[in-house]
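These are the structures in question, set out in turn.
Two complexes, one shared chain (chain A), two partners (chain B, chain C).
Presenting the complex of A and B:
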């Protein structure tokens, strides 16, 4: 491809006729990120920088491998001082990831942080056009050109400050919720802990010994519960659910429905919370009727069922007995409801497959197999797996120990899962069940294992929380778990400011991971509460009194009481009616903007002249000649 | 290039990888690649477009996505201005019923209805604009909308910029008289 901007100066993007803000003195610094190859493997970033240098108002254009790194950010602060850059454009990943990072860098350089624009060259360019490097490079140039045009129209803005309500609402009273609540209370902060059932503890209740410490789950729950229930900083609401949330960081209005009315009546209450911690957790996968004969044959049970059975099994025998039946041999079947494959497994009622690994079932299965072999040495144990994933510290030992304890392993391919069927044989040799498996450890030989019991190592499914997802617009992934902003850099935050994730609502986790996540969420909330005020982006409507003629059209469009009204103002020496915005109540939707013939009312940061400048940047004539 | 071939042009990721498309246009000396402006809401469609990239799914590089709080912000003349500047097609990727702003989506829908009436009256092809709702994970819907708009634009050819400019001036005059009538 020839360079779309080669040899010609692009049309003056940003210099929209009538645009009052386009500063002749704008000196734009453009910084293009390679993203370690994520961008530069597709987009010719050097060419983008070269094109940017030709754009009007651009003082400097630089390329860096990781703009978000300290040295990358230093480029910005240095150029503000050395080159006199007074507008900044960073072309990197999606603005949701690092816009605030670079605004911070701009502020550190001594500039107003709103004299900054972001171009999305990764999610919306290099990743989406990886087989069209020429097209992607041209698009990148145009996106940068648009951002430069907008930046030249940027005006300095001040953040809006509102009081911060230092109360955290924790949704979910499992170990994650209790841990987060306890940690926040330890910082002297107030917490409301909302639990949908009648008791704190969640999925850990009644689980017996848990890996890798083999502590009784009851001890873990009891310790956390004691901290939460006896704590003057924590208000526990049982049998309650969050019905809706509105507002924003520091000022969430939360409606809770629960049986806390007089005499346990159902009632609704509302409160204002500054931060929300989502600890709504998971439930074990429930196999469909007939899936591995589940619910059609009494000898097929899930892992949670089996944990109960094992706890109540009579001792003193050398063979496990379940409901009076001796279990001569049994099979544990891994990955039930996890790592499902399209075309092999049947999707659930919502039409989706659980393609993810649930991560705790492997170790749990091995742990239970060891328990069976140690307590009941005459019960033979078969383990049918596709991969053994005992990934955590101390859990690989379970695999070794299970082997030493005489567990017999069979490995199947995911595409050909084992089949559970009715058993055969006569007299005492008859077993109620049999499992057929193509064992890849013995060259794909099909084996038929006679068994008395099959335990399905069921995975994790996130609990459905439609009220929270819908009212806060919580992002969920394809797997239905809640999605963090960034898996490494911002692992417990979501794209909604002030909302934090704790535990298995986010992804399958074991107890240690859950408690780490909950602690991290608590610290994040505590850090937010360190400030007396919350600072909000000043993206609200503003009236330019030099243009407003008082037609009142804008007011008819506003849906928010008190956000926009007509007031008397003195212009020159006479009193006139003019529109006025209350920035604390304006939400910045811009419905008012569309009807003003003077364009006197605009949303700060998203002005119409800025959009027109972006269009001019995109359509710069020269590009047509490139093809 | 024949018309019916062109009508299945840019953005159909599965059938026509974007690179093949650019190559085709170059080889067959067909200079027309339409420019598509996507006005994407920051709560829904913009992260939705991000999700397409995160999934490494591809669409034509002729799409320029601008983030917007709510497209209810734009007056009719803004769209006409975009066409007058050489944008060929506009996809308004909004939040639909998920819109976080009270009443904004309904206002937007009415504004686009009005705009399409003006376009029809003025002789500008209404296929140049599409209003749709794209959620944060609506990957397939996004690809489909982009591909369908590309098909429509390939059939229409470049926008008549002078006509759009004329309609833009008329639209601004109408907004002005509406405001005067409202003030009176």
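Presenting the complex of A and C:
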């Protein structure tokens, strides 16, 4: 193998000259995970272990099939006690998944959990270099070497504890917001519920009977509203919006603007909340003008429009009448504003397509089709779909019932959506509209369905909440819905601590799913509020007052409001200006470190000497080859 | 004997089932300071999720997502776990519930076993490994699987020849050949049913002839074949070890079919078939993969693009209900299917060398047999109302996950959190109930 170490070789690999902490007797334990083959099928983990054993300061290096499993973690705790390991390096998957798992193991072994480093051999080695096992192995060894170097310089750190304001702010008063508020209030916690419109209830207001129980939506909303409005623990602010949020978990400063001034005047108020629950919901997709003739032909309506029409349609006839017009036949068109395909559909004003499925439109369409057929048996109903997604409990029945009720189904391919066009024909046989569809149920035959009415089963689009997204730096996905940290590990949390997601602001959901999601968010807040203090990770900047000369450059550089400021401190017998960090607001980005002329500010856990040790580790002469 | 019940004689919450639903509910309750007991009938917690290879839609390895939750529950000071323990009765009391559980003999004393596996290494009686879909082998005494929790050996009485080797090598004297089932009664303030799902039999549709060919496999078997640490370490077809070149997924092979008593949709099969197809096309790049479906139900967050990616990868999606599967002599299978999209009738059968059936999801445990809760028309535990999806017909008994109907992991986890919230509310309300009301 060619010598990959052409750069300069430090005399003592992995040891930063002059670093006090590295001189100390660090005994590093290195634990390498096979990840059941995910890593070991590509990376030669035994060779990584062999190389690690030769790295300075390493007391032991072991391989396990699943380091994250209990026996894997036990290797660590045992070695801490038996071998006297006092620094731990785990080389496995991304720290995003398991950093906290291994910190826990280290703590159970009686060590400070920050004397731990992580090397990523899966995402960064075996997965990234699947076709180059030798290269992946070498990279793995170098990453381990870097982690070992850093671990040797690790100092014990303590979590930052800050007081927890046990008040939850819930933004959005749909069923998700009301449910989360009610749950928290029932736990004795105080909640401020902020709703931008004049009433609680969100999109369910005026919806009529809802699937799958055919309960009146008003009944559902009323139950939740009663709990929220009559509750001494909940303050409901209608016609209000959150304007801005600053601060951090346990201590968010929230500014709310609303018409709660005297006589309904607009006013602003602010409060401190420990947790924020975002339940700002969705709005139905509004088709572009001309999309399936929407807004250009009066016979083309959206599903929400049709729900109102049907509720107010006069009874007593065997044929549906809309605005005095008899509807002899009508078509429901699925997936309008959902499951859009690049090249087939036109992107919205923001240039994006709604490629996702909106989850509720299939069942809603079938429910309405059944209602039409039952109330107006002489109105023919056509259903044009791609896939009928009646997945939810109790909803497959709607599909069966719709067929039994005489609804006629046509299945189109997403790439060839139906075309709505002006109708033709003469006299009484003339219909204002026609739908052309290539029906795959009848072997792709192109059919032309004459109809009096077209209902577009419009999907869900998240409500725009720029104030919240910008001031909290809320992550949103490709689909514009708010983005959770991990759909399985942390499904209602976002990357900002203390901010939780509830309901359709996160993804399309039906009522049950929305209420479950709201409960899941509430229980996380309840668990957070079970503690007097909030604990934050200690990776924040710290000023060494013996070095700081008060240049203030760090403060100028800092992008996080309030994280760094200049304060007066007494040094000797005189007052001088020095930088001070607010650990609750500092995110540990290190921008300040880069500009300090005195190297007086450092990020704990990521000090400059640790970076040097990592770089030394990477370029060190490690035993790569199988000599 | 219960650590958590030592002071008060009762636990706050008893969770039936240590699958992902039970674990998540337990964690969310315990994080609020409540004392939670998980009873799991298997020898390890983890439920179905720990058997899976990778999970849609993120394609994370299933172990990597399940083990941290298993481990977090196992190490939580407010959680206690009893494995090999079946819940077989719940009786509501004035305050709380009396839960009857049976501890199945494992012939190993868990307090003594240190998980060293010396017994497993010494045992020379091999038997099929149920964890690996009965395709791999294990020993008559063994720790259930690599990442099982707890790491305690379990003796399989059907396989054991009682030679006594394990007892001789065990350094702690943990082997107890004379263990008997033991019944315990535990008082709990509230109960969460997280008893999950089972799959209906491969033979529910006789026209698929699953009993006549080993190459018609369950989707769970395919999960094991695809797992990086699975029985063969790669995908081979069971009858002859051939590398399959043409694999068919038959969807709705036990769901959406009133004639077999499962008229509902099992909700996860479309997505796991797509997932398995994608993993297969990685493992067997030249294989032909076809999914026969009625409707592709990719409804969750990120699911539609997962489906579209699979299409772009060249996986064949054929709309059509498979009418019949006929085993051929060479182990291949002939599928009779009407392919409406292409206008091809069912006359000409299609040949595949491995077929995966998407069986229907049915309840694992019929709670109504020994508890007062009501099932829904689909047999799963019924919710008390649309607005209380995790409450059952009995106050103080809650339900989460697949026990309340088929559900994927994301929806299961959300529902488990919601159930934990409902339990918390209920316990607080009970606490505030005037004392007279309790007597």
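Here is the rule we use: the second predicted complex is superposed on the first by the 471 of 627 C-alpha atoms of A that agree within 3 Å, B and C clash if a C-alpha of one lies under 4 Å from a C-alpha of the other, contacts with A are read in each partner's own complex, and residues count from 1 in each chain.
Definition applied: contacts are C-beta pairs under 8 Å (C-beta built on N, C-alpha and C of every residue); 3 or more make two chains touch, one makes a residue touch a chain.
In this text the structure is predicted, and so the values were computed from the model without any measurement.
K.L.:
By the touch definition at the top of the document, which applies to A:65: first (chain B), second (chain C), both, or neither?
P.N.:
Touch status of A:65: second partner only.
K.L.:
Based on the superposed arrangement, let me know which partner A:550 touches: chain B (first), chain C (second), both, or neither?
P.N.:
First partner only.
K.L.:
Taking the superposition on A as described, I'd like to know which of chain B and chain C A:596 touches: first, second, both or neither.
P.N.:
First partner only, chain B.
K.L.:
Using the touch definition from the top, say if A:481 reaches chain B (first), chain C (second), both or neither.
P.N.:
second
K.L.:
Comparing chain B against chain C, which has contacts with more of the residues in chain A?
P.N.:
On the superposition, C touches more of the residues of chain A.
K.L.:
Output check: A:240 vs chain B and chain C. Expected answer is one of first, second, both, neither. What do you get?
P.N.:
neither
K.L.:
Touch test for A:196: chain B only (first), chain C only (second), both, or neither?
P.N.:
Touch partners of A:196: none, neither chain B nor chain C.
K.L.:
Would you check which partner chain A:379 touches, where first means chain B only, second means chain C only, and both and neither mean what they say?
P.N.:
After superposition on chain A, A:379 lies in contact with neither partner.
K.L.:
Under the contact rule defined above, give the chain A residues that sit at the interface with chain B and also at the interface with chain C.
P.N.:
477
K.L.:
Please give the residue numbers of chain B that touch chain A in the complex, ascending.
P.N.:
The touching residues are 17-19, 21-22, 25-26, 31, 33, 35, 37, 43, 47, 49-54, 56-70, 72-76, 78, 81-82, 85-87, 98, 100-104, 107, 111, 136-137, 172, 175-176, 178-180, 182-183.
K.L.:
Which bits of chain A are touching chain C when the two form their complex?
P.N.:
For chain A paired with chain C, touching residues are 35-38, 41, 65-66, 68-74, 93, 97-98, 100-101, 104, 108, 179, 183, 186-188, 210, 212-213, 215, 220, 223-224, 339, 341, 355-357, 359, 387-397, 400, 411, 413, 440-444, 477, 479, 481, 486-489, 491-492, 506-508, 511-513, 515-524, 526-527, 530.
K.L.:
Sort out for me which residues of chain A touch chain B in the complex.
P.N.:
It is residues 1, 94-96, 120, 122-136, 138-139, 142-143, 146, 473, 475-478, 495, 539, 549-553, 556-557, 559-560, 587-591, 593-598, 603, 606, 608, 611-612, 614-616, 618-619, 621, 624, 627 of chain A that touch chain B.
K.L.:
Along chain C, where are the residues that touch chain A in the complex?
P.N.:
Residue list for chain C touching chain A: 28, 31-33, 55, 57-58, 60-61, 63-65, 67-72, 74-75, 115, 146-151, 227-229, 233, 256, 263-265, 267, 295-305, 308, 319, 340-343, 376, 378, 380, 383, 385-390, 404-406, 409-411, 413-422, 424-425, 428-429.
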